[in-house]
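Read the structure below first, then the notes.
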């Protein structure tokens, strides 16, 4: 039987990023994989080595942080495919990174936020300033919200797991007039939604779970389609092909887009979002798909402050 | 109480045994105290007095023996039981919380203070009681800010207010000025008058003769003798305690004072001076005075533990006022601090380590950049022999020695360096007559080798015994200096009491 | 400004509970390095208790119990067995972090990670007072545990200063031998103080999980126990001063978020140092006056 | 020294003393081990696994092969480095809990030097990088010492608060000058191979361990066989006595802090040069606090810190491998670690 394992950088119950990693792993079971995971592993190199030695054909690391250790371990296990989830580097022959195009979705959220804001002030809360996929989403958000005429403020917090701190950050932004909040956090994402709920402003989340907290205020979620991204990869690995590259999914790689805006199952937006706005966002997606629209946020776009 | 039977004694202790490892601190001691009696408990250092009283008060458990108060056996072995039975104790080291005020210390653990503290009421009671016993005390003062004499008043008030039937005082006079001693003895008499019993531990025979009704002498953990006070002389008591003569030493001077070795000019700092004085080689300058009049400031400034605000300290012509402690030691200055528990010794370190405390960077203790453990042990053994430090060996922690032997470590270390100047502060504090005599003899021996000596003590007799000249400190300065010794007692008394705190 | 103060109060609330607990422990002579673990245990128990019983009251009770249990572990090892306070506290923190995370999976998730969702405790406006402009929303429209924190602060202040038990506790931290000689039992006092410390700090954890975010996530206290420790030292072990110190920490953090939002040309990492640097600057400004309880960290004789 | 009390009858200030309880030590240690195993077994059973199988996996993870032993030794190395420095500070009565930040910065220092010397020959690159780590760690502890001595802020607070700042500083460095442009994570570029620590074949333990052992031995000699060590020991037990003995308390504090900081820096450096081969965000998370535990477990005796560090290394390596083999939640690792240490502490080491 084929085996796949994942290393989670945090705790699988963070109700966000690591929980997603856990879900990814589970999504491989229907593809015929026996699975294992390990959380908070203090010894990533050793863990990778251990799983590879146990005969796991796919060993995933659920963060860009694992690429480094993978590059060290991979040469000793040429038959194992190492995959860094949301990394952005690969190394031939068997270390690859997969991610989705944070910039495209960040941009859509920016346009949505600007359209839904009455104060024309919108804001985002993120962690780990300078990490590429954070820069992509935060920068995409700023570029497109600003283009739609909103004033944008971005805050970074110390710990993507600290919901109380995220909530404080969101409350401070709301206090300064922002009435649509977004962000890319892990366990802390809940804090954003709680703050929005308390102050009755719109917010975007990272999963249906968060829609349930405040159904009338969550506009949409970026729901990541790791099963989709992994599906083809895993099947190919099973077939004996190894990758050593960075694969980024997005609207331009349809049908697998890597992520999707979803309010609830099969429903992209909260009913409060006017049809015209939905149409504009769909047009945007089409633009990304056709290549007519391109976006490449820089660190300056993702800067903190306004 | 029926007339037919003699009333049970206030306290009876029978067959008390307390062992510390192999040491039998108490080895079958019987003790009886009657109501309205002051019992003097005597014995040389380490004879087991404090241990016996700690057993009585429940501070430490006994290995064997029985304790009865008014014929009723003590229920348990904790201080709370002893206090319930009407026993109060003033410990050799005070049991006060320094960071708290007097009234808080009095209320601590006292049910009458109320679950919700009745602060004002207690303060009033303290004022009232301190008037009654002539012990002036501000209930709101912080204990840390009080001189030792005042702290002792707090301890006494605690006992008095709780209406203790039996009061135990473990060396209460060691740190008191003569006036304060007289006051304390007055308080004890008053308590006796009220029908209370008192156990009074002291090394000072005149106090015993003055106030006690009866004495019990311990030696080596056993009762060596007991007598009504009228039936003994001080010399007999001393004989009973140590089995030899312990009168003041008369070490014949082998040479006259020489050149000036220590010259202090305009020395001043907070609570000190300005002071100007000289001490010659082979001369002892005794400094008397009530504690808290600048003695600690003077000795610590001389020793380098406090910075002088102004003035100079020249030793053999070398200016040391701004030199470090280490430089002063190198220049030949020795210092015996009063506070041997915290400063003079590191009680948890071995005897050997304590002997090298101030000389660890020099031969024989150091060899190049390293210590020489072998030589340390050898040297320590030699010093223990020379200075009669009684302990199983040089590796024993200093804390396990009796007070007298601990002090001998300090003496050995400071004198063995053959210093040019010795600054000694309360050098015989808490020592029995034998040990006191030993220390004084050694200091005089150093004098005869030509060292300059500054001998500071609140014990006037001791100062008079040893000094060539006596200065009396008051308010940080010298109230007067005399070379007349006892002949000038009247003036000295005036100087001391004139500005006594 | 009001917004900043409101944020400061929110951030300060969990810190204050922990700091009050720490004051109990340190005043009794036991270093309160285990606050982090006690808070975390409280946060966990509050969430899981509320989730299991559907009643926040039970959650709060369980938070008290779990905090106290952590305190008991520290007390047994550090007080009864005289291990070092500092290391016992640090180790307890490690253990509680593991245990909460493990129990969450085992008790609630059947070995799987699980998400607990609770509605955060709503504010309790005090009728009449809550409508006062400015002060009303700031002080009289707060969630229940915040009122409790203010009450606990005053109660602890009175307890320490005005009662025999408080006097006894302080004496244990200053000179346990003196208390023993006065008929007290320093061992019992210390054990009780540390257990109480755990219970109160546990409430601080409950504030986080129950009142602020409505869920428990692993390690959600995120170092707040250590910040509480810093606050109580800044506050010189006085409850009212601890409230001020926690508010100051809260204000510093709230300020940091607003500073970032104002677009200073610094990276977020540099700006996030602000609360710690401000704390250091305040401490340095206060200078040498800090005097630890004299017998803190020392084993009983 | 208070001017008011001429003769203080109070006990010496802040004595710091740890002792191994010698009476029945073996029995107590055994009881501690059995109890922690029993508790851990209970917890394992709670999750529906077979305790014996779990323990077997743990033992295999710790001792199963030379490689596993090497893994454990690599884990022990930073604890040994930082722990022996912490022990020195605690001996001197300086409660330094700043190892966490000093380790992180030590890693940054080592990485910075290694990256700055891409063409240096191997021996030089390693030495220079290690020196860079030691310097960075010492600089950070020196800052703590300066604030503590200069402004009288309690050292626990200074070192604690500086930990938070140090971690942010490392993140800042990784987001800026030390970062690898375009990397998927906050990390530096890979370090030149010349700066990697040599690894023992078979064991795969890196040379950091040897350096740490040498450092612990040197510290032990320093502590017991030099006047400086004597001064430290005196200062740790009685500050008034140390002043009386002529030791400069500020000089002692400076030296102890700088030595401890340098050692913590080496801990970070060895981790970066020996294990990760790059600086990566969070590489040392929790090391500093555990180093304090290890130091005290080793009764503050640098040589005894060696077995304490190896013990914790084996425990962690075993527990981490166990969770991968058996699939018990990893949190159990921390629980077992915490439990064992608490039991061992209660049973063997006490303050005196």
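Couple of notes before you dig in:
Letters A, B, C and D name the chains as they come in the text, with residue numbers starting at 1 for each one.
Following the convention adopted for this analysis, contacts are C-beta pairs under 8 Å (C-beta built on N, C-alpha and C of every residue); 3 or more make two chains touch, one makes a residue touch a chain.
All of these numbers come straight from a predicted model, not from anything done at the bench.
Minimum number of contact steps separating chain A from chain C: 1.
In terms of C-beta pairs in contact, C-D outnumbers the other of C-D and B-D. Put simply, the chain farthest from chain D by mean CA position is B. As a whole-number value, the distance joining the C-alpha centres of chain C and chain D reads 27 Å.
Chain centres here are Cα averages; for chain B and chain D they lie 45 Å apart. One inter-chain figure worth recording: chain A and chain D are separated by 35 Å, centre to centre, where each centre is the mean of the chain's CA atoms. Mean C-alpha position of chain A lies 75 Å from that of chain B.
Within chain A, contacts with two or more other chains are made by residues 11, 39-40, 129-130, 158.
Residue positions of chain C touching 2 or more other chains, listed in rising order: 101, 105, 218, 267, 269, 272, 294.
Across the assembly, chain B contributes 98 as residues in contact with two or more other chains.
Applying the touch criterion to all chain pairs gives A-C, A-D, B-C, B-D, C-D.
Against chain D, in their complex, chain A makes its touches with residues 5, 11, 36, 38-43, 45-47, 50-51, 54, 63-65, 67-69, 71-72, 84, 86-89, 97, 99, 128-133, 158. Interface of chain C with chain B (complex): residues 162-165, 167-168, 170-171, 174-175, 177-185, 291, 293-294. By the touch criterion stated above, chain A contacts chain C in their complex at residues 10-15, 18-19, 22, 39-40, 123, 129-130, 153, 155-159, 161-165, 167-169, 171-173, 175-176, 187, 190-191, 194, 198, 209, 212-213, 303-306.
Against chain C, the residues of chain D that register as touching in their complex are 10, 14-15, 18, 43, 46-48, 95, 97, 147, 150-154, 156-158, 160-162, 164-165, 168-169, 171-172, 175-176, 286, 289-290, 292-293, 295-297, 329, 331-339, 341-342, 345-347, 349-352.
Contact residues on chain D toward chain B in their complex (touch as defined above): 1-13, 15, 17, 224-227, 229-231, 233-234, 237-238, 240-241, 243-248, 352.
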